[in-house]
Amino acid sequence: MSMHSTAIPATAGSQIHFDKVKRKQRIKNFFKGMLFLLPSIVLFGVFLFYPLVRTIYLSFFLTDAAGNTTVFVNWENYVNLFSSPVFLQSIKSTFLFVLYTVPVTIIIALFLAVIANEKLRGIGLFRTLYSSTMGISVAAASVFWLYLFHPSIGLLNMLLEAAGIDGVGWLTDPAWALIAVSITTIWMNLGFTFLILLGGLQSIDSYLYESADIDGAGYFYKLRRITIPMLSPSLFFVITVTIINAFQTFGQIDILTQGGPVNATNLIVYSIYREAFVNYQFGSASAQAVLLFIIILIMTFLQFKIGERRVHYQ
Amino acid sequence: MTIPITRKIIFYLLLIISSMLVFSPTLMAFVMSFMTNQDIMTGSLPSSLTLDNYVKAFNQFPLLKYLFNSLVVSIVIMLGQLILSSLAAYAFVFLEFKGRDLLFYVFIATMMVPFEASIIPNFHIIRDLGWIDTYPGLTVPFFAMAFGTFLLRQNFKQIPKELREASQIAGMGDFKFYLTVVLPVARTSLVTLGVYGFLTSWNMYLWPLLSTTNDSVRTVQIGLKQLQTQEQLNDWGVIMAGAIIVVIPTLILLFLGQSKLQKGLTEGALK
Amino acid sequence: MGQIDLIDISKSYDKQKNVLDEINLSIEEGEFFVLVGPSGSGKSTLLRMIAGLEDITSGTLKISDKIVNHLPPKDRNLSMVFQNYALYPHLSVEQNILFGLGAKKVNKKEQQKRLAETAEMMGLSELLNRKPKELSGGQKQRVALARSVVSEAPLCLMDEPLSNLDAKLRAQMRIEIRRLQKRLGLTMVYVTHDQVEAMTMGDRIMVLNDGKIQQVGKPITLYNEPENLFVASFIGSPKMNMGKAVYSMNQNQLVIEDTLRIAQGPDMDDIPGNIDLTVGIRAEHLLPGTAENTTHHLEAVNVEQLGNETLIAFDVGSTLWMAKWLGQWDVQVGEMVPVHIDSGNFCFFDSNTGLLIKSANFVKEQEVVSI
Amino acid sequence: MKKIFPIIMLGILLFIAACGSDSSGESTDDAGAEGETEAAATETASGEESGDSNEKQVVTFWHSMGGAGQEALNAIVDSYNDSQEEVQVNAEYQGSYDEALTKFNSVAGTDSAPTIIQTFEIGTMSMINSGSIVPIQEFIDADGYDMSGLEENIINYYSLDGTFYSMPFNSSTPVMYYNKDAFEEAGLDPEAPPETFAEVEEASKAIVESNPDMQGFALQAYGWLYEQLLANQGALLLNNDNGRSDTPSEIGWSEEEGKSIFNWVENMVNDGTFANYGTNGDNMLAGFLAGDVSMFLQSSANSRDVIDNAPFEVGIAFLPHPEGKERAGVVIGGASLWMIDGKPEAETDAAWDFMKYLQTPEVQAEWHVGTGYFAINPDAYEEQVVIDAYEEMPQLQVTVDQLQATTSSYATQGALMDMIPEGRKIMETALESVYNGGDVDEAYNTAVEQFNHAIEQANAARGN
C-alpha cells in the first residue's frame, strides 16, 4: 500500500507534473475505495442488480413454466396489470395495509417506550418482554396468530364469545382479514420499533425535562413539546423502515391467508409470489415486481423529502 | 428524581397490562406446546401437561440437525454481513473517491428491492453456481447488506476523523487502520448489527426452502413449515412445540443482547 | 531538516472561493511558529496541508528543500498533535504512544527504549496501562505529546492542542510544550485562535484572516506595529482601543468619535488629512491623568478590579475604550475620570484600506527591554 | 478483539472457497445430526457413483407431504429401504406442491434434480410440457408391468392419448362429511344423507332450526371442489374434452352448470345456514369437529383424521349434485409420482422398482388405512388391515364406493392444462365473494372472464 515516491528536487516542480501525480492519487484512491466496496458490489451485483435487470427484462415477455422467455409482448404485461381488477385490488390492499400497520405500530411502540423509559425497579424485565417479538420469526409468529384467529378453537373468538359477542371470521371475512393480518404484523414489528424508540428516548438529555419541570410543565405537555420533537430522528427512522417492511410483507400472508379472502390480503409481494410460483407467469410477476420497486422508491423519496424537514437533528 | 407513589402505581399497572398483551401470544404458544390435542381442539384449559408434542416434533425430522444448520447459516451470514458491511461503511466514511456518494445512494436504494420479488432469478443463479443444498447457497446471497452498511456508516461517522489522520501520519495503511482501530472502536455497533443479522437470518423461511432439496443443510424454519399440513388436520400442539423450539434460541439471544442491540440501533437511527 | 517553504499556496473547494489565497511563507528550522487567526481563517487548513491531510490546490510546498506536494503524510517525516488528541480509545497509554512506531515497524527494543524515555520525560510512567477514558485532560494532552515526541520526527504540527484544557492547565502546558520544543530542537508549527497563546509561545507569529496573511513577525512586532486594523485589534488583550478620527484642519485638532479632541502634535505632521482615519491606542497607554497632565475627563462605565491592575471602561462616542492601570484604583461607575492621552501613543490607520499609516511613537522611544 | 477479526475474515474466505469448490464437503461435519445422518451423507453423493456395487443405489424422492402424511410416507419409505439391499430411497420434503414444482422446473436437467417427484394432479400438463420427464409408459412396456390391476378411474386421469405418464400415488376424491348425531337431533335420518343440492339446503335448515349454534353446511372456497361439483354434473372444466383431445381454448362448462353451484351456495348464505371458512380447510375441519357445522365437502384423504378426532358419529356421503342432473361421479385428485429424465439408468430402474413397491397391495393397504388416500391397487381392499379398518369405520368404504361408481367420461377423467392452478384461485375468489354476500352474476361473470383470460395467456405463453 505504501508509495515509495522520491521527493522531487525543488527546481523540477512543474505544475503539470503535480496534476499527473494528483490524478494518479485520485485513481489510486478510487481503486482503494473500490477494493473496500468490492465484496459488497460483487454480491449486490450478482444477487440484486442482475436479478433486478433480469426481472425488468422478463417483464416484457411471456414465459414457460421453467421461466424461459417465449414471446416478446412489449408493454402488454404492464397494460394487463393496470386493467386487472385483481392487481388493482392488491395495490389498494397494500396501501391500506401500510396505512393500518405503520401508524399503529409506531403509536403502540411509542407508548411502550414511554412507559418503559421510567426509572422503576424491574423495568429491565418489561423492556425485555416488549422487545421479545423481535426474536420471533415470521413463521412462528404467524403460526401463533393463525391459531389465535381460528374461528372455532381460536383464543380470540373464544374470548369474544365468552363476552357474549359473536365470533369474527378473522381470516375469512374480507372486511376483517386485512385487519387480522395487520394485527399480526403490528405485533411482530413491535419489538424492533420499541427498541429503537426506547433508545431514542434515552438519548434525550434529562436537563430538557428538568428545565421543563422548573417551568411547571405537566407530563403530557412535556411529552408533546419535548419528547416527540426530540424523538423525531428515531421516529423518522422507524417510519421509513416499517413502511419499507410493510411493502415487502410476505411470510405472514403466506401462512395466514394466502392472499384471500376475495384477494383482500393479496399484497403485492404475495401476488408476485403467486403469479410466479402458482401461475408460472414470470413475465407478469416481473412486471409487478418492477412496479413494486418503483412504488417503494417513490414512497421513500417522498418520505425523505417531506419527513426530513420535520426532523430535529441534534 | 423521585416519582410520586400514585404515579408509580399507574406506571406499574400500565407496564404489567401491556406486557401481558404483548407477551401473551408467545406465552399461549408455550402453554399449548405442552397440551394434548384433545384439550386444544375442545378449547378447554389444559387438563394435563405433556412433553409428547416435543417428542413428536423431534421424531418427525432431524430437528437437532436443523437447529445446527440454522446456527451455522445464521453465524456465517452474520459474519459475512459484518465483514462486508463494515468494509463498505469504511469506504463510505474514511475514503474519498469519485462517485462515492452516488454509490452510497445506490446501496441505500437496494434496501427497497424486496427479496421475494427477485427470488426466482436468484434461485437460478444459485443453481448455475451449483450451490443448491450448500451452505454458500444459503448464506452468500445475504452477505451484502444495505441496512448494515447504513447502520455502520452512521456509526463510523462518530469516530473522530483525527484518529484516521493520526494513523495516516504514523504511516498506517487503510486496511490496517480498519482492522486495528475502526473495528475495535465500533464494537458496540458491530454487536448490534451482528445480533440483528443473526435474528433475521435465523428467521428466513422461503429462501432456505427453495435453495435446499434435502436435509443436509436445511434450517429449522423449514421444520416448522413441515409441521403444517396441506390436506390434513393440523396438530396444533406439535406445531406450537416446533414454533417454541424455533423461537427459543433467538429469544435467548435477544434477552442477552437487548441492551447492546438497543444502543447500537439508536446510534444508527439517530445520527 | 525541518525548514518549510510555502510558495503561492492556495486552497479552494469545488473551484469556489479560495479558502487560502496565495500564501508565501518560510518557517525556519528549529523555530516555534504560530499560526493564529479567528475560526474560519484557514489556519487549520494550512496546517493540514503541510501535514498532507489536505490537497494543495495550487502552489508549492517544500519541506527541507524537497517538494512534498504529492507525498502522503507518512512520507513527510512529521508528527502531529490534534485538538481532541486523537487518542485511540481502545488502546492503553503505552499502546497509544507506540502506535506510530508499530506502524513504521520500528524494532521492539528500540520501541521500548523510546517509550521509557518519553514516558519519563512526559511524566507518564505511572499511567502506561490506563485507557484514555481513565485520564484527565492534561494527562491525555501529555499522551498526545508523547506520541509526537516518540516519533522523533524533526517537524511537529499542533492543531489547537490546548483548547480543551482549563485556563490554569493551559498556562502550565504552554510552558511545557515550549520547553520540549527547545529541548528537542523541533521545528514546531502551532495553530491557535488564542492570541495570548500565540504571543507567549511563538518565536514568530503569522496572523491569518479570511485566507490571507495579515502579518508575519515576532510577537512584539505584531503588538507594537500591527500592519493593519485586523492585526491591531486581534493581538493584545484587552484589544486596542479604536476610534474613527477626523482632522479639523483649521482648528488643528484631531476629533475622535466626535467627542475626543486632541491637539495636533508634532507626531501627526506626516498624517495625510484628506482620508478617513482610524486611530488606535493600547489600554496601557490610556493613562491616569494627574493634576498636571490631565487632557480629558471621560465617563467610567465599568470597572474591573484584577488585583494588581484595574481595568476601566470609558465611554468614547459610540465605542468603549479600555484603560489598564497598574494598582488598585477606586473608581465609581458614572464618575468622570481624568485621563492623560498622549497623541504620540496613537497608531494611525487608513479606514478604507485598514493599513497602518503610522505606529505609536512609544515604541521608538522605549526600545524593548532586553536582559 | 483485534486479533479475532483478521482470523474470522480469513476463516470466512477459506470457508467460501472450500464450499464453492466442493459442495459436498459439508455433510461430513454435521456433528449435531442424529438418525438421518447417514441418509443425508449418502444422498449428497448422488447418481454418479452408481456403478459401485457396494454402494446402495440412491433414489431421491421429492414430495410435498407435511404433517401426518409425511409420517406415513416416511414409514413406507423406511420399510422399502429395509426390505432390500440394493436401493436407498431418500424422501425429501420440498414445501407445497407449487413450491416443489417451481423448484423442479428450475433445477430440471441439473444434478440437483431428483429421481422421482410427487406432483399434484393439476401439475400434470406442466410436467408433460416440461420435457424433463420420462413417461411411466416406457417402464411399463419395458418391464411388461400389468397396469390392469390398478384402479381404472385413477389410471384414467394420468393417461393421455393412450400414454401413461405418471404413477398415481396419493389419490383422493371429495366426499361429504356429516355429523350423524346432529342429524338425529334435527330429526333427519342419519343413514340417508342428502344427495342433491336442494336436499342439502333442506337438511341445513333443519339443523339450524334444531340447534342455532350449529351451521348447516360448509364449502371450503377451494377450486378443486368446484371442479368436482362440475364433474359430478357431467360438465367439463375446459373445452376440447377437458383438454384431452386438443389444447383447450376456453372453459368447458355451460352457464347453467357453472352457476348452479354459486346459486346453491347463495341460497344457503341467504338462509343463514352456510358456514364460511374461506379457503382454510383446516379451520373448516376444526369447526366441524367442534360442532360448529354439520356438513362439509372435503377430500376423502381427511376421513381417517376426521373420524378419529370427532367426539360424535361421523357420516360420509357421496358428493351432492343439482336436481335434474345425473350423478356423473368424481375426478381423481391428489398427486402422482413422476420419473425424471436424464438420470443414469441404474437410478431410474431403482426408482421404478420403488414405484412398483408402492403399488403392492400390502403397501397400499397400509397407506389407505393410515391416511385415507385411496389404494391405487384395489387388491389392497382385500388385505386384512383394510377389512379390519372397515369393520371399525364403515364410512371409509363410502369413499371407495363413490370412486368405483363413477362413470368414465371426459368430465370425470379430469381436465388437463397448465393454467389450472391459476383457474382454481379465480374460482376460489369468486366463491368467497358470494360467501360474503357478493352478487352471484357479477362474481360468476368476472370469474369466467378471468378464467378464459388465463387460458388465453397460458396459450400465448407457449407461443400459440
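Each chain carries a letter (A, B, C and D) given by its place in the written order, and its residues are counted from 1.
Quick note on the criterion: a residue touches a chain if its C-beta (ideal position, glycine included) is under 8 Å from a C-beta of that chain, and two chains touch if they have at least 3 such contacts.
Just so it is clear, the model here is predicted, and its values are computed rather than measured.
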item	value
Most widely separated chain from chain B, with each centre as the mean of CA atoms	C
Rounded Å distance between chain C and chain D, as computed from the means of their C-alpha atoms	89
Distance between the centres, which are taken as Cα means, of chain C and chain A, whole angstrom	54
Whole-Å gap separating chain A and chain B, where each centre is the average of the chain's CA atoms	15
Centre-of-Cα separation between chain D and chain A, whole angstrom	36
Junction residues of chain C, two or more chains touched	72, 74-75, 90
Residues of chain A touching at least two other chains	2, 67, 152-153, 276
Per-residue multi-chain contacts in chain D, two or more chains	1-2, 99, 102, 106, 286, 289-290
Chain-to-chain touches, reported pairwise for every pair that qualifies	A-B, A-C, A-D, B-C, B-D
Residues of chain A defined as touching chain B within the complex	1-2, 26, 29-30, 32-34, 36-37, 39-44, 46-52, 54-55, 58, 67, 111-112, 115-116, 118-120, 123, 126-141, 143-145, 147-148, 152-153, 155, 158, 187, 190-191, 195-196, 198-200, 202-203, 233-234, 237-238, 244, 247-248, 250-251, 254-255, 269, 272-273, 276, 282, 285, 288-289, 292-293, 296-297, 300, 313-314
In the complex with chain B, residue positions of chain C that touch it	48, 51-53, 72-75, 78-80, 82-86, 88-90, 99-100, 103-104, 147, 151
Chain B contact footprint on chain D (complex, rising order)	1-2, 5-6, 8-9, 12, 15-16, 19-20, 23, 26-27, 30-37, 39-41, 43-44, 60, 62, 64-71, 90, 92-97, 99, 102-103, 106-107, 110-112, 114, 172, 281-282, 285-286, 289-290, 299, 301-302, 305-306, 309, 311, 371
Touch list for chain C against partner chain A, complex	55, 58, 60, 62, 65-72, 74-75
Residue ranges of chain B in contact with chain D within the complex	37, 41-43, 60-62, 64-65, 67-68, 76, 79-80, 83, 120, 123-124, 127, 129-136, 140, 179-180, 183-184, 187, 209-210, 213-217, 222, 225-235
